[in-house]
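Chain naming follows the written order as A, B and C, and within any one chain the residues start at number 1.
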Amino acid sequence: MKTNKILMNMKYFLIAIFLVLFLSPIIFQIITGFKTLGQIYDPDQIVSVKNLSLSIWKDAVQYQKFLHYLKNSLITSITSTVIVMFFAIPAAFGLAKLKMGEKTRKNLSFEFLAMRMLPGIAVIIPIFVVYKKIGLLYTLPGLILIYIVFNIPLATWLLEGFFKEVPNEISEAARIDGCNPRTELLRIIIPLSAPGLLSVMILTYIFTWNEYMFASILTTSSCRTLPVWAAYVTYQHFIINYSMLGVSSTVMIVPVIIFAILMQKYLVRGLSFGAIKE
Amino acid sequence: MRKGKLTLLILSFLCLTFTVTFLFAGGGKEKAKEEMKEEAVVEKELGPMPGEPMDKMATRIAKALAKGKKIELHVLLTWDPPGQALLKVIPIWEKATGIKVFTEPLSTIEMSQKVNLELASGEPDYDIIQYDRWIHKPVLENPNVLNLDPYIKKWDPKFETMLPGLEEWGIADDGTHRGFVFWPGMYIMAYRADMINDPKEKSAFQEKYGYVYDIDNLTWDKSYKDLAEFFTRDNDGDGKIDFWGSCEMFAPYAAGDTYMSRYLNYWARDHYVDYLSDPEAGKCLLNDATGKRVFKDLIDVVNAGSMVPEILQTDWGAILGSFSSGRSAMAFQYGATWYPIQTSASEFKISGPDKVGFAHIPGIKGKPRSTMNCGWISFITGNTDIPEIAYLFMLWRSSPKIDREMAMTSLHSPVREATYQDPEVIAVNPTFKAQFEYSENLFTTPAHLIYEEENLILSNHMAAVASGDETIDEALKKIESEINKKWEEVGK
Amino acid sequence: MGTYQCVKIKHNSEKHIWRWCVFPALFLILFIGIGPLIYSLYISAHQYNLAKTQVVFKFIGFKNYIFIFTSPHFWNSFKLTLIFSAVSVSLELILGTLLALLLINIKRGRNVFRSLFLIPMVITPIAVGLMGRYIFDDAVGQVNWVFRLLHLPRIIWYGNIKTALITMIILDVWEWSSFVFLIILAGLMAIPPEYYEAAKVEGAGLFPIFFKITLPTLRNVYLLAILIRIIDTFKEFDKVYIMTRGGPDFSTDLITIRNYTIAFREYNIGVGSALSILILIIMIFLGTFLIRLIREEY
């Protein structure tokens, strides 16, 4: 019908507007990485894309050594994600499937969720002091340890939801066959909830990649991660370096964007956890 | 049941262990390594030789001290013009002495935080730490900072050939030298030479205001105000103002510099006593006639609409952008800011001697003209193994030759007076003339224990008055009471 | 029978297997997450300045807490955080729902749109803050360029006491509406069409359908979105800090930024620890309250 078509077109139009609103700032930011400071500060070139150059990028690689920070970010995120899974999978399995007092289950589950509310600012001072004493300060392992601790709660809670989706009948059947919990976990639960696992891994990876506060206090140039570098290369003392802002932002967000688009299905699963009940 | 209790026990034990670790970690051990390294008997060859330039002496002695040992100097510095200038000359040192220098650059954001935390931990990881002048009082008083007097006696840095006041920066309350200035920078004014020197503009101004302006001798309370008002205009004819007379900083912390640069010139006293507070009595001194007058003249310019509209977000990093994108006729900032636009080869729209001129900041008729310097100052950490070599390095980089070398090749503000007056150097750095003018009257930010906090309080109230949220009297009263409270917090 | 090798185990020990699974994670969190809190609690009862050695380390009981409660800065931060949270979350709910409703009936390219709308949410908050710093700048930014084009008044976004917090809210809504959108969309997609069929048969209009069928069914989804967003806005730090450090005259001085300033610029970690304990208590109350609301349904 005609009204339906008009309605559809209006919908597409609105979607287009929102897309522009959501994505154009990012595009502007990326383009900035290809402009020199003189071009950025020229009022006539605010939205122009002429005369873009790679000179800023060359400077970033040679002089600012950003590949080193990229490497740090990669190491930190990948290691944290893997180790978080090592802790969170058994914990979620225990909470979702294993026999325990119902009250205990509810309380423990809540405790994991509550840990997510812990603001980083509350623990950063003691962590700094102790790290300094035991020599973990300004090292990657120290940072990774913190990331692990702060990502286990969310990972556990999400995994618990995914594990609960595996029907109990399957577990019961396995038990009747004489299967022990460890095998149940490895051979039944994990394969069946693989998409959920993947989404939790992706989410954890993104959180550790994006984290700033702990990284800024617990690292120095040898183990600095990308967000910290972005902050400090932009705010130099006598100039706000918008070119480097563009470069550093691009390096930070483009991998994550590509990741998110490719893994979109899993990301959405992870985020829609427990929100949808049949 | 038993297992449950056992679990609880283990849990509490773990938490207890952690807490106990913290308890022993906290409290801040203080290790003052004041004792001189007397084992180094000053032999003839480790002393200065007659007629030897300072840099040669420093490298010669350092090389001798390092003979046979593999020594690495660890320097913590800021990733700013001073740090970058230093990085360029370090190869010269390494070649002459064979001592490698490992540098760790920090951003200005991190510097204040890391430096203080490093010191507080009692065991800094660096030999030399370089930090910004205005956070330096807590640093200078920290017992983990090395006393430099013995080394200064052995190897004289010739403070008398440096800019006035630089030696005092590094002197702690007990009279000993703790810090060594490496890079000062004077607060100057940049202006649109193409507009200000234009005879048409000059005569139009004379018609409107009845006198001729002299850009090298403006006054805060009259000619600067008039000039700022005169140049605020609508350049593209769309009915909206798009060009302003002036650009000053009102961002948190930065605003304090704006205020101070004026206050220095309004003093009835021509000798720096106490700006902002009396640190001994712990009392704020700003709420008096002078303080009020400074505030009023500043806000008059803001209220007349003669300043760029984004002043509340404008800090040291934003001035260059505002000025070089063609938004204001005048702008104020420390010398190094202007280095990117002082030559014509710059990428910025407004750059080069035709468009950009530099002058000393305005003053007050009848009072001595002065301005402030900021800068970077270094100290040696108390637990270093190589105090002599660290000191010699600091001496070397402030030596006349290296000082001049850095001024010629990077964004370096010299410490030696002679460098500012060297015509070759000035040709490469047009700002040096304005920076050096009236240098006998240079003042620097006060060495208060709580200067950072005072600065923030002042900045915030300046922003409030500029936005019309407070009157000047209210602001001064609040500033006074808040700063007094801060002094109480540190026990004054 | 089974296709896997299994070992028979005693029935009794099965009851305690879960401890082996859950406790490693729990201990790690308690040790490194909670342990420091106990130290924070201890420090909060002392006068302790990390950098100013002249300030003596000594026990002062509740003085730090009293100082916080009598300091106008704390109440200002608390007020600002509340406003920021309430306004951002409300706007995000509305915008997210709007987007979800737009996309729910679109079959073609829905996945593409969904992945595109995902993007603001996965971007590093620091990058969002830097982006805000750039595009809202009057001299070099695109927003004011568009405003000038459309002859709209010149707004100095984060350089004006009155508009700085609004700028932060706009950024937060920009960044997180997609999150709400994703959750609501998933929820909408899970509603069986029968619900709507029945309503259509009875001739119900669009709005009543939405308010009487869709919303109640999605109650829990909304509550979850609200819970997560409120907790996260209270923890907001990165992008506000990088843009304004607390803003012109404390106008964007959120509670986390206040805490950071006290602890890492003034090095007054006695007060800093006390404030962080208070923040934690506030968050626990909020979280528990909201979770109870969700739990009711179960």
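General remarks:
In this section, contacts are C-beta pairs under 8 Å (C-beta built on N, C-alpha and C of every residue); 3 or more make two chains touch, one makes a residue touch a chain.
Everything numeric in this text was worked out from a predicted model, so none of it was measured.
Taken as a contact graph, with one node per protein chain and an edge wherever two chains touch, the assembly is complete, since every chain touches every other chain. Counting C-beta pairs in contact across A-C and across B-C shows that the higher total falls to A-C.
For the pair chain A and chain B, the distance between mean C-alpha positions equals 38 Å.
Inter-chain centre distance (chain A to chain C, centres taken as mean C-alpha positions): 15 Å. If you average the Cα atoms of chain B and of chain C, the two centres end up 38 Å apart. Chain B has residues 22, 26, 113, 117, 321, 325 in contact with two or more other chains.
In chain C, the residues that touch at least two other chains are 19, 35-36, 39, 43, 139-140, 264.
Chain contacts: chain A has residues 41, 43, 126, 129-130, 217, 231, 240 touching two or more partner chains. Chain B meets chain C in the complex at residues 3, 7, 11, 14-15, 18-19, 22-23, 26-28, 30, 112-113, 116-117, 119-120, 138-139, 141-143, 240, 250-252, 309-314, 321-322, 325, 327, 449, 452-453, 460-461, 463-464, 467, 469, 489-491.
Those residues of chain C whose C-beta lies close enough to touch chain A in the complex are 1-2, 4-9, 14-15, 17-22, 24-26, 28-29, 32-33, 35-37, 39-40, 43, 99, 102-103, 105-106, 111, 113-120, 122-127, 130-131, 133-135, 139-142, 145, 174, 178-179, 182-183, 186-187, 190, 220-221, 224-225, 231, 234-235, 237-238, 242, 256, 259-260, 263-264, 269, 272-273, 276-277, 279-280, 283-284, 286-288, 291.
In the complex of the two chains, the chain B residues touching chain A come out as 21-22, 24-26, 78-81, 104-110, 113-114, 117, 121, 125, 316-318, 320-321, 324-326, 333-334, 336-337, 340, 346-349. Across the interface of their complex, chain C is touched by residues 8, 11-12, 14-15, 18-19, 21-26, 28-29, 32, 40-41, 43, 46-47, 87-88, 90-91, 93-95, 98-100, 108, 110-127, 129-130, 145-146, 148-150, 152-153, 156, 174, 177-181, 183, 187, 206, 209-210, 212-213, 217, 226-227, 230-231, 234, 240, 242, 245-246, 248-249, 252-253, 256-257, 259-261, 264-265, 267-268, 271-272, 274-278 of chain A. Considering their complex, residues 16, 19, 23, 27, 30-31, 34-36, 38-39, 42-43, 48-57, 137-140, 154, 156, 158-162, 244-246, 248-250, 264-268 of chain C touch chain B.
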